[in-house]
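Letters A, B and C mark the chains as written, and numbering starts fresh at 1 in each.
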Amino acid sequence: MTQSQKIPSFVPLSSLLRTSPALPNLPMPHAPAFAPIVHGEHTGKPGVQLNEIRQFQIGEKHFVFVPSVTAIFGLDEFSREILQLLRPPDYQPAAPIAPAQTPATRHASLAEIYRVFEPRYSRSAVVAAIKELRDMGILRTVGLRDEGLTPPAPKLPPMPFPQRTLVLNVANDCNLGCSYCFAAQGDYGTPKRMMTEETARRSVDFLLSNSGTHKDVTIVFFGGEPLMNLKLIRRLVDYANEARVKAGKEVEFTMTTNATYLTPEVIDFLSENSIGVSVSIDGPKQYHDRHRTYKSGLGSYDFIRPRVLQLLSRHKTRHIAARATLTHGVTAVQECFWHLKEMGFHEVGFAPVTSAVQDEFALTRDEMWRVLDEFRQLANVYVQEALRNRHIGFSNVSNVLSELHAGVVKAYPCGAGLGLLGVGVDGDLYLCHRFSESEEHRMGSVERGLDAAKQEQFLRQAHLSHKSGCQTCWVRHICSGGCHHEAYTRHGALHEPNAHYCEWIRTWIDLGLDCYARIMDANPGFFDKFIDRRGA
Amino acid sequence: MAIPRRHALFRLCAVAGCLGLRALASAQEPELYVLGVHPHGIVVFDGTRGEIVRVIQTRGRAPKELVPSVDGKHVYVTSEGRAMLEAVNLETNTTDKVFEMAPPGYRLTIFGVVLNRQGDRLFVHVKPVRQLIDRYQVEAPQVWSVDVATGKTAKIAEVPQGVAALVLTADERRLIAWGRDLYYIDIAQGRITNTVPLMNPRNPREGALNTLALFIQFERSGVFSLPYYTKDPITDKDLMGLVNLDVDSGRVETIDLGAPVPLYSSVVSPDRKRAYAVMNQLISVDLEHKRVLDSVDLDRTRYVANISRDGKRLFVSGAAPYIHVYNTDTLKLIKTVELPGDPAVTGFRALPQAAR
Amino acid sequence: MKHVKALNKKARLLEEQRNVIQCEDVVALQGSPLGCSLIFDPGWETDASGNVTGLCQPVEADLYGCYDDCWWPAQVPDQLMNHLKWSDSCASAERDWRKLDLIYPEGA
């Protein structure tokens, strides 16, 4: 990290002189400055300017999104007029695709603003409205005694960061040979083997003892195909249920599976132990069988369909999700969605393959935009149902709504290397499951612990403030550069932003904002009922 | 001139050592006091001879509240920004035990500590703050009991914000929490059963009585006394007085004294006839006739005072690193003792007679 | 707020903080239950008569009394959460003020 990008921290002088370790820098709550606007007291030209904002409108209703803090507000006529006044005369709203939403502002003096609004609004009413807009970070006062909301300086997360989720590669092998598998058809290019019971137990212990004050933790069974090591999973579940009592925590289990190993007995085990299941299934047979084949090339749809139906009817204790991968030639999102919903899945999520362009199964640029169009149409249905207080389970939309609702300001695109770690089949720790068995991204082991130095190095390099392409993008705090693994695959470095889908993401988040505002306006209770439960 | 018989007896004692003449021996017994000093100490002060006996190092920084045990063997001390509660052993001169009371992810601030007579149960008032990843969350203040031997805590009651001191009544059935008002907590029932208003008067013609319960020393008289400040809502005049709480019975008395003089704390004489209060002045108050008797300017601000067993000497400290010894009748300075560090907002407690 | 409606949780948090700062009962000052300023109106800078004679004398002797219970958080390092040992070498503020530690931004 270069000197100019150093993230500052505060240390006592005595520690600098004696070269003793710096005191821990605990997180400080960020309090915006709320000093009053003082009339007549100014340095330079006093007035008002817009901050970086994105305005949007749904019918007659006006909204504003503040990217620096991911806050969403509704505007009344008065506040909208104030914002209008601060736009340059030739102002055109920027398309969502455009990264920057500023500096489309002009500087207006208080005197001018008073003049415009007299006699409809008194000066004190104007000042009160301006203060509200200023306190919410929508505009800033200039040349007056205070300048309003200032975003905090970038800093590293507090250490040691508590672990919340471990993704375990319990089976470094798979009975299928799906062409697009990031795990090289199940074994990550390394010898096929199973995780041992000892490693599994150590993983549980590692998670429980490193979870800080989190009251609940999650173990994800992954692979390869995890059900190839069902014996271990049974033992691990028993062990975890015991160990969690001593630790005073709750443990949640989930699993991603290709469904080929599902039997009534297995399904009952999953249901009895409340193990959440995500089935990898790409849609109706003609799409699914293109890539999700046995190593012989034979499609797996016919084999898994009855098993999936059985799972959906027998497993009653958790929601069952379908994860559909979209590949070259497969952009019929709605068709796939309704097919999977009809089967009985509670949630369906789509993962478009956007990795290296040379790969025959990655979506082309045109196909990506067609996918977005399909997403848009499906999102419309989502909203319509949401207004009727029903949740259709289109995960892509609920994920973005969840992040918008919480108002996340992410310094990293996900929890990888932070609160989430992947455990390789031999017990090594990796940034996440996608980096499993990748020596370059190893961060320690469940036996010896997390390599704090490597973790810190990763967190410094991957911090949003270092992604130069992202700094003016209005969705930077939600996207934060995108998946590390995709960046690594596509651009050769995991701390590079995924520039190949920036425009797509901006359009998608804009769509998410639109959905958010429509639902919030007509049925705000929807979020408490269906979205908050996701535990953002 | 014949040597008075009294002096001859003293000399005999001094030469022959202690001959077990109990009456004389008790007159020679040191009156010991403790107070906290910066950065990490408790000073044991001999009030009879006017000298420091010893300085004990505490685990935590800047001890604040000091609570001696009845057997004189321990002093319970809050330190480290009132987040730590330690048991200082006066015989071994070290901290025996630190009570780890904060649940994980919390910081506790302790304002108010009392020990029962048997010495096996402490009562503390804690202000918990939850340290989340992105913010501090202030939670409702509570009164807990602490088992001295095991350190186990049990919640007794929730109290409103603003409590700074705790008092245990003589029958040990009730705790009195001194905050914005006085809250009487029935320990067995686990709730506030009575409130004596101070800052929130029920009668709109009474002013709010503003007290600062940070300096707690009532062991000589059994009366916990604090200056109060108020504004009379009818005449709009600033006034002051004393709020005197009888620790044993829990009865409260207010004594109006007239125009306000800023004062940090007050202490009542053993015979309950006088009170003495300090800040930039030292004043003496006649509690029987309810008026200020005398007042002298001090050379520097003092926070706290305690009084000798015979009521003749006043020990004044706080802020600067000195203890001043005053004559309570004349308010003349008798002696100044230097301390190794600043005694900040600390208790200045008299140790029970058994203490050494 | 009258003209701006907070919609998502972040927006509501900002609104909440705005209200907290504007409301009277500052619960967040979890250090001291009551402060000097309530008794000795109007505040820290002057006493009730507008002079400084009624304030703590000398000001150095009042350092530990004043800030450690969080009455005087400005211009001293935060000893509540972060810099717990900055005054450890200074037993008496009046005498040993030179031994008070200074806190610098790293790399400054």
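The rule is simple: a contact is a pair of C-beta atoms (placed from the backbone, for glycine too) under 8 Å apart; a residue touches a chain by one contact, two chains touch by 3 or more.
These figures come from a predicted structure and were not determined experimentally.
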Comparison of A-B and A-C (more C-beta pairs in contact): A-C
Identity of the most central chain, Cα criterion: C
Distance from the mean Cα position of chain C to that of chain B, given in whole angstrom: 25
Centroid spacing, where centroids are CA-atom means, of chain A and chain C in whole angstrom: 38
Between chain A and chain B, centroid-to-centroid distance (C-alpha), Å: 55
Set of chain A residues in contact with two or more other chains: 26
Multi-partner residues of chain B (at least 2 other chains): 136
Interface hub residues of chain C, defined as touching at least two other chains: 81, 84-85, 89
Interface residues, chain A side, partner chain B - complex: 26-27, 29, 157-158, 212-213
Touching residues on chain B, where the partner in the complex is chain A: 104-105, 131, 133-136
Residue numbers on chain C that touch chain B, as the complex places them: 25, 27-28, 30-34, 36, 38-41, 47-48, 53-54, 56-58, 61-65, 68-69, 79-81, 84-85, 87-95
Residue numbers on chain A that touch chain C, as the complex places them: 6, 8-14, 16, 22-26, 28, 31-32, 34, 63, 69-76, 78-79, 128-129, 132-133, 135-138, 149, 404-407, 409, 516-517, 520
Residues of chain C defined as touching chain A within the complex: 1-11, 13-15, 17-18, 21-22, 77, 81-86, 89, 101-108
